[in-house]
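A, B, C and D label the chains in the order they appear, each numbered from 1.
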């Protein structure tokens, strides 16, 4: 049994992690941590867990966590993450970090987009970006996984096959992305109130969303070229799911059937990628770890439609997928399909 | 032109007040107040007002308000209301108070349910409860209207005809009420976040909701007897609307058709009450000032189904209806139907 | 491996059955049937199944089904069910019938509420009502399980402990029930269109809903008395979940804590029942096979709040629970928690 | 008083027309027509109209309509519209046609996208496209207004200022549009069921949506050049509202402030256009006749965000706006703001 701790246990990604891990035959959840006062049983924060797990949600420091756990899922906000991860690693824990703190290779880029100087710069060079489908051989042996962002995975998985084969221009790629509200987290804010979001559709962070540099960095790695995307996020009145509509420019005409074949080859053997002929909806992959994608043309304009569940394949699901790879378990173990 | 001020301008009821009053031919909105810092234009708080009104939302004291307005709609939280209303009245303003502060006649009841000692006890005797359909002759001459609660109006209007004619037992009345989320206000709280409310239906404040004593008091006035209700509120994943399913006990059998006739007579000449044969839905009266009601039987059990829009007939709409009566304007003026 | 067929495969309950059974280690789905023309792959009807199962949805007769399957989940509409179940049983299949056709013991009651004469009256005496938590010893050996209705299970499980101990009056029980829209099925109808249901809450079938006699029959069995309930269903703008607010009349006062203790004892050892102290929401049990219940008082009026997922514990989940019991598998096998 | 008939009275656009016209001081609604059997009162089809209008919904022929009305709002589906409009005009009625039948100038384009040969080709040359903000001087004198599509108006109003001033390339314009479900009409279909749309976001008709040629034609008229857009529609789980995110290519850099100034000049004096600095949401203009628009940059990529209510400014609202211009009433009369 791998002893597992979850930090930031009061949030939505943590709830999904707990639910998945309760079904994992080789995991024992041994610690749940949050800044919450008192040490309430976790079901007081997440009533859906009532009767499922008897753990309190405690305010634990790194040493206490390392005493109890072999691996830590760190679901803290950025900055908070990089202030505890070094101690966890030093204490002998392996870490899957769901924040953005170890995703961007260049500390200057991090500081520009996140507004804080990075305090653990050396480790940016050794952390492993955890998106198994694009081939990151370092995952099994990694001690620190930078778990990717939800918009990021949607965009990267949708574009990787085309960029890897050099079929599209690496710049001027338009990504029009739409997300359910759970992606905005569980901290009470005016703009995520029910009466603000419901019956409303809106664009936000136009030109300024932090997943843009992450998409560009990882896709740059995929193709070995400088990639530039225009990423525009929108908020959809629904709980979960991301759909990205992506407009790349093909270098030269390629038939739709050939492109779909290419995608199927590129993702051959990847159990969570579904290249489909029909137009996928967010509901098709909701509550699963699947990534769904298809392609269409409007005149000569290629259009990619890609979906995933932001809390699962976009956060907690891929985190457990990385975990499975780190410990040699089957990649799909415990993950909802 | 009546010069009107609105206090608590950042909330949902205030937004509806502003929208209604912008259509009122005899009203000029002259002041919008809130505790907000700076003095932002009102459209920064309510973007839907962009281009419709050029007023800042200011932090004004009673004297400043009285200088600018003849009548004040006070959409502040309870306690805040009774700390400014006396000054507004002293300064010469008439007041329609949307809070609960002047609704309960007995200060001990107020203190028990609201957790604060009442600080303006004398005025509880002279404030006028503003539900025009149950006949409150004091409204036109009133200087202080206690505007009723949303659940309260739904329940009272649904039961008044039966109690007024002594057709049902005045105790043991079950009111199972369901409300859209806007009734919970606009202050960010965990339990009104989109991702908490959406795809969820829940009961809350079971046995402890503050509208219960208000319903009992006003219905007691209607029938001259001691009334006891069991009021159970629920939260519905929708913006607006209340539906109450009410189970009274008939003293003796009365046919459904006769009861509907009774309701139609009781509310004869009331422009906002619709006694209907079909089962009304909240959507039928949403965005209007209507109250819809019908009756059914299940074996011998009478069931009343009643609906209204919690922000309009349940708050801002009835407030303007009271305003119209106070100034001798047609009762329906500017009110959405 | 148990070979399983699913009839009525195009509906929502069937989709849930397929998803659950794909995770069941002892089940092979061998046939999916519907009246659909052509024999489309099931993922054309349910795109979320893309890549998960390679079966066509065929128009099969009873003999063809019996050739392929050991057990049939019959998710057909009422009437359709009783016209094929006798042949399936004669052909050697065991059947879990999700329709209402074998739930009501008295064919006259069936005819009154469903508007069709029953055509398989003899079998009404031998079918087993499949609600494991209220103790139906016949389930393991049954060849025909009448799988209970969703509103029905919510109501029965909420009331059974009180009736079994004779703590409440068996008549005059008020059940105010609220359901998500998926309970209305997948056949296109005006009143289940998005734009009709969304932002609307409504009562329907007041005094005429078919689950009322089923609730009364089964609760009558539980307590050995004639039970009468007033059942009022409502439609909630959400996908899934039922919450029932139930108002029974206690024969004599019993403290809340004692009642909760009674519930916990009554459901001791039942893995899918959660007696909780907090007020459960439909979201807590959505996507699981749990039934959640708690109790409150308003003055002396007892109020029961009970929730389940109408498609799982209310339909497909309990069906697989029955299946597990029929074949001696662990009761919780493959069922989402 | 202008006597007005509404055809296709059972749909959502007709409901909005009725509600607006009931507030119009110079309109008398004299006929409501639909293919419905019997002649039910209109409130049986639209319960929200209960108590507001006493008209039956009848199956009327053109002659009967012309006897009763001066002007007809034709809210029939395409093809049905062009089969009755010639008779209505011959009978002396003026017509505002909400279908697509008179919008496309070229009958071959109509036939290609709508799958039917056009049967009233001559009139395509004389019908007036009714989008007042882009300057169609023929509206006041028109006998037949082709009322624009909802996606179409959103896209045209968003792009017209840039194309009119030749600031962007007229081809390769990407329009990523998102609409609430009411745009899909009120006829029961699987893909507009609540349980299909709710908690789901999807693209549809990618590369094949009928509003694309309409957008291209009207924008071509605006700029005198051949315009080509890639139009991708999406379905949002909400009742009403369209938001379009539009990616044009500027011919040369222009600062954001200058572009906003240009928009404000272009739409100067247009009471329903709000050029705003903030990012508009669909909720800001829902239930109003406003069109909201702003601009942003991501690096050098210009992004336009535009919103309107698909049933009002996108259908019934602009129809009444055209009506007001046809009869010399103030453009804003009776229209919700």
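As a convention for this text, a contact is a pair of C-beta atoms (placed from the backbone, for glycine too) under 8 Å apart; a residue touches a chain by one contact, two chains touch by 3 or more.
Remember, it's a predicted structure, so these values are computed and weren't measured experimentally.
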Given chain A and chain D, the chains that contact each of them: B, C
Identity of the chain that, by mean CA position, is farthest from chain C: D
Selected pair, greater C-beta contact count between C-D and B-D: C-D
Where chain C and chain D are represented by their mean Cα positions, the distance between them in whole Å: 45
Interchain centroid distance [CA atoms averaged], chain B/chain C, Å: 40
Chain centre separation (chain B, chain D; CA means) in Å: 36
Per-residue multi-chain contacts in chain B, two or more chains: 196, 198-199, 237-239, 280-281, 283
Arrangement of touching chains [line / ring / star / complete / other]: complete
Chain D residues touching chain A - in the complex, by the definition given at the top: 172, 174, 176, 178, 180, 196, 198-204, 206-207, 212, 228, 230-232, 234, 236-241, 243, 245, 247, 279-283, 286, 296-299, 301, 303, 305
Parts of chain C lying in touch with chain D, wherever the complex brings them together: 12, 181-182, 184, 186, 188-190, 192-199, 237-239
Complex interface listing, chain D residues touching chain B: 22, 44, 47-48, 50-52, 199, 274, 276, 278, 280-281, 283-285, 287-288, 290, 292, 337
